[in-house]
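Across the two complexes that follow, subunit A remains constant while its partner is subunit B and subsequently subunit C.
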Partner chain A sequence: MNNDEYYDIDSILAEHSKIPCIFLHDIDASVNLSGDGNEIAANSRVELPFWMAKVLAQYRLPNGENLVTIELPRAYGTRVRNSLDASPTSIDFRQVSPYFYQFGTKLYDLIIDDQLPATLEKAFKARLKEIMNISLTGSTNVGQDFLQKLDETEKELFKAGQESTAELRKWRHRRRQQLKPVSLGHRISSQSSIS
Partner chain B sequence: MSSMMGESSYKLAKEAKRTSDMLISTYNDDLVQNVCREIRMLHARAEASVRGMRNSNTAPPNVPSQLTQIMLHHLTIKRNKRILFAYHHQRLEKLKELSWGIGRQSQERQIKEALSKEENDFLESYGDLVNNYKSHFLDIDLGGNGGVGLDPPLDLFIEVRVLRDAGKIITEYGELNLTKGNQEFVRRSDVETLIKAGYLKHIA
Partner chain C sequence: MALPRSHQAAYTPSEIEFLAGEEDIIIIPTHSMPKLQFISGSFGPFRPPLKAKVPLWLALMLKKHHMCNILSPEWLSVDNLKKMLNDEETVAEFSPLPFHYMEISMMLLESASEDIPNSEQVRRYLKDLRETRQSKARAGLAVLDDRYLGMNNLSLMEINEIRPFFSRAFLEMRKLNAEESNNYSQPPA
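Moving on, here comes the complex of A and B:
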């Protein structure tokens, strides 16, 4: 994790995503790993958030054994990958994994998977075209379903596209020269821009 | 415990994400206190576990399990700490932006209520620092507090419409009588502050 990421809210929320772990030892009920007070038998699977799983996976017991092994989460499994290959723009990332790209890049260190970067890249490129198309043409009705399926990274890009279209329109109508009153309210204020 | 621990801090992180576009948002004192309480409790438990493991003469029943528990407590503490930092860091950055860009005269009371005591202190001290800095460059308007900032103007005279009665304004070049509803053709430099404050409206 580089220094900027520590304070980054998106990175924090991405690390909240769950990942399946297989415990190699019995865990008592008092530890309450799964949250409902049951004990965990050895070689059984539990879903833990990434911020826990990452450190536990890298931890070695005093006798040299591993504590857990990690599996690839369902969101990056074969089924999702096949549908990504078939039609990247129809996958609903909000349901699959809202931080698909960010979480995926975090998995690189933990799980050895040669296909993962290529898959992410392909999906990203295909969907980006669609996103930019919708955001830069300014049509409000077209593509609403697709917009519901974006993950957080894509949403930011979409917002950027929308803002630049709005700025262009303002410039064209010479509204960029208008002085505006400063409104603080509870939003980012729109200050005057004298171009 | 893994699903109960870390929930307050997750809520705090989500709130930080939700308010990331707003300049001022209310300080969620309850959540922050909850997270801090959780950290203290986890720390106490972890310490007790470690002490128990060290002091026991017989071989402990299930070493991996106990180690897992301690690790879990430790990781949750670290996670809570990170989220607390990120939450406060985001708010502070916005306060800094507030001091530089906008100035805070118009809605001081609202701002004061939304922030915690420490944040209010920060805002004041930082505002003093900024003003101190600006005082070295009084010729240049660096923005904030009603000034326009570093963007150069395009025209000398502009059309404005009066939104609120401002009475007689005395400028370097003469007098201006501003009554509501009138449209005037005035020098830009005179009226910039008034436009920013909302008394006049610039007509393109």
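Moving on, here comes the complex of A and C:
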């Protein structure tokens, strides 16, 4: 794992996403894994946050067995992947998984799935085009409903693009506005040359 | 460093304008002046009506004090801009404009507009040129590949506009891709 991700807030939040685990043994109620004080029966499915699930998955009991097996979360299941293939720009990542890309990269280590990187990359590229169009255009009303569907990484990208365009526009218009007072009169023009 | 986001990823347009002030430009001084000594160099002596080559910042300062007339650079003429606009619309590559064309033209049109013939037309052509280049840049970025993206003849301001978005986008793509290349068992020889 990358060391500069340790302090990264987005990375920490991404690890909070839940992932289903199947327990192979009974867990006592006192352990309180799911947080509500119930005991967990063997072969039952519980959704745990990723940071917990990762450690549990790598833990081996003294007799060499695994404690849990991890399943692919619903956000990366076949239904989502099919709709990603069909139309990447119409998926609402805020509902599916707000940290889709970051969480996906964390899953690479945990779950063997050859299709996942290619799927993520394709989806990212397709949506990137749309994000670029909206952010670099500079108009505020266009594409609002697409913007609701972005996940956190894409939102960062969008903000970066929008800010650079806004900066450029402000720079140009500041000049244009300085020209206006100059034509009104000598007294006012001397004031504007100070500013 | 605790810079605001707009400073972290790229220059601000004002900084680029400052950098563009270093470009040389030809002036016709109206007053006779002895040699001027500055930290960055010494300029002069100025003997009208001989032309002199000075940095842009000095030219604009002299112009503000009505001590010179600025000679508009060759690329900032209506004919040249019209030709560039035509090239821009027909050829797929970007036409070779000076690296700081946006800032220089902005500063000149603002402070020395009477020295530029047909300044209104020049302004219009510049605006069209910029918009055409912008749409070309966006079309090129849409087909981007995360290993190599070649765009020649972009000006500094245009690069700066694209830079934060694209460096971030490439970084994210590389993160997604890095895992994919790790999954291959043997790297190609």
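Throughout what follows, the second predicted complex is superposed on the first by the 173 of 195 C-alpha atoms of A that agree within 3 Å, B and C clash if a C-alpha of one lies under 4 Å from a C-alpha of the other, contacts with A are read in each partner's own complex, and residues count from 1 in each chain.
The rule is simple: a contact is a pair of C-beta atoms (placed from the backbone, for glycine too) under 8 Å apart; a residue touches a chain by one contact, two chains touch by 3 or more.
These numbers were taken from a predicted model, which means no experiment stands behind them.
Looking at the shared chain after the overlay, A:26 reaches subunit B, while subunit C stays out of its contact range.
In the superposed model, B is the one of subunit B and subunit C that contacts more residues of subunit A. In the superposed model, A:129 makes contact with subunit C only, not with subunit B. Of the two partner chains placed by the overlay, only subunit C lies in contact with A:163; subunit B stays clear of it. When the shared chain is aligned, subunit B comes close enough to touch A:16, but subunit C does not. Of the two partner chains, subunit B is the only one touched by A:67; subunit C is not.
Touch criterion met: A:120 reaches subunit C, while subunit B stays clear of it.
On subunit A, the surface patch touched by subunit B in one complex and by subunit C in the other comprises residues 175, 178-179, 193.
Those residues of subunit C that touch subunit A in the complex are listed here as 5-6, 9-10, 12-14, 17, 64, 106, 110, 138, 141-142, 157, 160-165, 168-169, 172-173, 175-177, 179-180, 182-183. Subunit B contributes residues 1-4, 6, 10, 13-14, 16-17, 20-25, 62-65, 67-69, 71-72, 75-76, 79, 82-83, 85-86, 89-90, 101-104, 106-107, 110-111, 146, 148-149, 151-154, 158, 192, 195-198, 202, 204 to its touches with subunit A in the complex. Across the complex, subunit A meets subunit C through its residues 101, 104-105, 108, 114, 117-118, 120-121, 124-125, 128-129, 132-133, 135-136, 153, 156-157, 159-161, 163-165, 167-168, 170-172, 175, 178-179, 193.
Looking at the complex, you find that subunit A touches subunit B at residues 6-10, 12-13, 16, 24-28, 30-35, 48-49, 51-52, 55-56, 59, 61-62, 67, 173-175, 177-182, 184, 186-189, 191-195.
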